[in-house]
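The two complexes that follow have chain A in common; it is paired with chain B in the first and with chain C in the second.
Entry: the complex of A and B
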């Protein structure tokens, strides 16, 4: 009987490990610094995680489908620059849809290369990382992009306003997470993404159009990037060309921290959101603990590696093994 | 009392996992120069036993002896050092390295400053290869070898030490008949040099051909050891599953319907040429031939996975164009593929999700999948096919081979196909589930499905088929009715001997 209980406990820890780690982490920091669990601090962390979170949700689709997307950081820079530039040229009402269309076009291009031409996603998106950066610089001429009249535009709504006291970025993040969580877990498309990532050949043998599904995951990712770009542009109303630089790795870290397998076929939107929040709260907690900002980079990564290791160990049933 | 002392002896081996007694007091011994078969259904404990023997798992109780010395195996390396070596079912070779590097992987002979002594490496390897009587050399790149030759490399690896016991785990799973003969020669050589061989296999023919004794496990328990020469398949099967397996001829008694699928002059490059056949509703058409005869490729072409270079496919008398599995499925053709784990199932998904995969787009209510519709399908085919699983949430990868295969079959039956193609229906499946799958195929025909069965096992083809197409080298050699066919004329046909019979 005790054996069974222990086994159940092990299963629970293995399955909900990330949530348990999150809870322990929050309790630990809260004990060190009361400020950490103050409502405005929590709201602040979620708000500043929203952009990363929106991108991570999109990349979750790509990763579950068995591929990588390292282009999201520079694609977000592109979206931000484009929407800011077009804002003054054609007005926000047209700039936003135009920016979405252009970003989706980039996503479609990547999806075509990875899905239909079956090129390695790591190579394609790593290449697109710098290619899109070049595209952004070409668009902006290398200059920072600023909206001329920063106080007279409704465009700031997405990044700066509140509805019933809740920051709009949090609402958009939550709404997008809820919708895409449903898409992934409850629709036929979502199921096919899992199948294609879990075993592409078996998916093909089951009559699932693998190329099209992979293509679609990159469209979802690009759509999320466009939303992130919108939030970013609306928050600052001006931007450098490198605003999203390096975010691709943070995004990937959040997705992995959430427990999605890089081999594809597993992960959920909810877990990715948890991964995003963990990253956000770690950084915030370290800041409140008075750690130097630069030390945070190292600590953050150490925690990610630890989380991934524990996750794998829980699946294998032991911490280390000579065979995989 | 006259038999020589064993090279390897297991005594009362117990291995428990939380909630499971995987091995429950297993004892048997292997004598020098003996081929000792280890048999049992999937899940009987063979793999666990081998892991204990190989130092991968520590037993909770019991003792292993090599020769007369009690030993404790703590790692595969240690097992090998003690002369107990494994030839694994799944080859673990580095394809980009040479044969010599693979054979001595991890123990390359060195000169000063850690430089590899290539001369010694190649000389040592050539010596080993000579005893194996193979056609490749120490410098051949392993990736360029056939599966059979790669297995020889794996065996070569075992011979770098002076082995006392060699364990073969399903060694013939992917070998052709000719390749098997070579393997059996190697085993005979090992035997002659006084090595004890443990031979794990589901294939009765082989067991009776090459082994001296047979030990049987069931549900983790040792059920006894039989002397091969004094027993028969039936007795072994009874020991394994507690009853016997029916492989009698089985032509359909029911009325057959119209032709469901007809293939005329179908060709696909050099894979197969000018293949014509027809299968009627209610009929089981068997395809028999050697590996590489083109049978699987025909199935894949009909299922839209390959593009034919010539020929027609007719369904219910009308020609159809099939360019993808999506087309095939729409036309009512289903394929239970040869490789269950790579082609048939998404192992990480649940039983239910796998079963409903081909029709998931149809099971929606509004934008969302209808849980109820999905579970209804799963429940229906779980009951119909008697799939043993704790529930629909169970990950398919955790089921036994037989139950996994039933999930794949259920997945396609739930599509209500006109034609069901089953490629190697019982590969890697234990004896008990085998007869269930056979009965299932017969039942499907009786219900009016047109069924095509591709198999490399002659008893299976003879058992389930109403008619048999014999193939050789990409061509149909002959078609047999179940009255005409005998083991002899079937073997002749698939060896290309009776080309004009």
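Entry: the complex of A and C
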């Protein structure tokens, strides 16, 4: 080790770029506004990022496996509407497992199409985005869904209560992230997900059941969507049919920001969580700095492009693309 | 080779057979269950259908060449909205007000220039950084939408100009203005994709990018021209549509990218690139609009339309794979 050469530095920046950017942002915002690093502000940001975050963790599995999931937004609307509707019909104790079962069924259907039938995941989930939206509208009859007795139900526990001062959504988010991070990095299933996404053919030749692994990643994604739907429903105790609309692309933005490659085979749960938090804190920081909400869109744009650009520039060793 | 040709014909003609089946089904079904007593095949109804399919259709036609390249553009909805805002807002600028009706072509010009500029930004990033178009346009979808909100906050931008409305509602030879634009765009793009070097290069790049580079095709500028083209078309679509409606909400055009992609895929274009046709996309656009209108005609709710279109998209993908029998259409992103 003769100190940091330029190349070493470049590699470090590229590898930990997202963490460095995160730290710089936090410091920058904290200098502009002290309130930004107040504990209640930080916990507020994490709490409101929890729903997006839970979904992003699930999509991370799908993306590492080499596929896309554009249906998570409309699937989240579905689970929210279903659990709210069933809450009043069969009670929360039965409504929650029923909603999980239905959402997992949708995930299994997508997983079957993409995994076993080997259909293109972008188109399948695009079609399911539309189809599930139709399903949600059919279920609710197009009306908003509300719980009749909003103050007398323990259902609000997941979205609104605190345990030892920590909001429950944060606990669920953290718990799910920890468990799924372990699954991805410490289990045979996790390694197979990387293998299938990194080189599907090689994975098949080494005896990994590719179809089943892809199928499972969509089940994981659907499970996370169900959790997100539960949080959303419990937080507001009422919902529109379009509550998750557009979230699929926000989720994808967070996953990409976390450094997962859309070609599959790379990414981690931890980095996705960082990606989610960056989006959340930027939104919050810009608002606290007194800027209008739309500035965050443009900043997010710049950050996504820069993050991916730095990543591939470090890999190819040139800043500019070699294509003429 | 003969078998290949036959399969190709089945795939090319498939969308038109599907449209025919839709027409027969909805006419028959409409005869028995119709909520209105107007026949489905009524010429006025069909002309309206073409007009209504124009906004998504014009964008989808541009998306075809982007997807033949093996790229994708998710930012078209935001470009559509921003161009519309520029069109309607520019009409109220003082020097434009002073010009009277001469301001109208200028306002169109500003709106189209907006689309071209935004498309060029996308294209330049794709070219120079080498980031995949999916990610670039996912980002700019957010960024451009931010620009829309910056323009007028969450307020709608309105400016109803009766000269423009008359123009947009005019019918020449029975077809509405929007329909003419749809067909005109289709004709130009058909010519570009089948009769020009640019079109041949588009297929070549989509088929095998490395080979195209080795053959001396300048892939970067080629991509950029196509992004400029789709930016222009998204703006054109906005210009035609908002000349008539005269009011744009900052959320307008959301999910248009997904509808456009749906139409293109229904028309037989492959996501992986190298394969697709303008005629097919035109068929896809008409098929979707026919489905929406037809389902409405037999009294189905809007929710059923979403469900049916989603499932048909998946079914088409499945059929396509059965016909191709390669099973190796990896998503190249």
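As a working rule, the second predicted complex is superposed on the first by the 315 of 324 C-alpha atoms of A that agree within 3 Å, B and C clash if a C-alpha of one lies under 4 Å from a C-alpha of the other, contacts with A are read in each partner's own complex, and residues count from 1 in each chain.
What we mean here is this: a residue touches a chain if its C-beta (ideal position, glycine included) is under 8 Å from a C-beta of that chain, and two chains touch if they have at least 3 such contacts.
Since the model is a prediction, treat every value here as computed from it, not as a measurement.
Participant: Scan A:130 for contacts with chain B and chain C and give back first, second, both or neither.
Facilitator: After superposition on chain A, A:130 lies in contact with chain C alone.
Participant: In the superposed arrangement, which partner chain does A:249 touch: chain B (first), chain C (second), both, or neither?
Facilitator: Second partner only.
Participant: Counting only touches as set out at the top, which of chain B and chain C does A:117 meet: first, second, both, neither?
Facilitator: A:117 contacts chain C only, not chain B.
Participant: Which one hits more chain A residues, chain B or chain C?
Facilitator: Of chain B and chain C, the partner in contact with more residues of chain A is C.
Participant: Mind sorting out which residues of chain A both chain B and chain C touch, each in its own complex?
Facilitator: In chain A, positions 322-323 sit in both the chain B and chain C interfaces.
Participant: Help me check something: in the complex, which residues belonging to chain A touch chain C?
Facilitator: The touching residues are 67-68, 70, 113, 117-124, 126-138, 142, 200, 245-246, 249, 252-253, 256, 262-263, 292-298, 300-302, 304-305, 308-309, 312-313, 316, 320-324.
Participant: Considering only the defined contacts, which chain A positions touch chain B in the complex?
Facilitator: By the definition above, chain A touches chain B via 3-4, 6-7, 182, 186-188, 191-192, 194-195, 198-199, 201-209, 265-266, 322-323.
Participant: Hey, which residues of chain B end up touching chain A in the complex?
Facilitator: Going by the criterion above, the answer is residues 18-19, 56, 75-76, 303, 305, 324-326, 328-329, 335, 337, 342-349, 353, 357-358, 360-361, 363-364, 367-369, 411.
Participant: Quick one: in the complex, what on chain C touches chain A?
Facilitator: 74, 125, 127-132, 134-136, 138-143, 145-150, 153, 213, 218-221, 254-255, 258, 261-262, 265, 271, 301-314, 317-318, 321, 327, 329-331, 333
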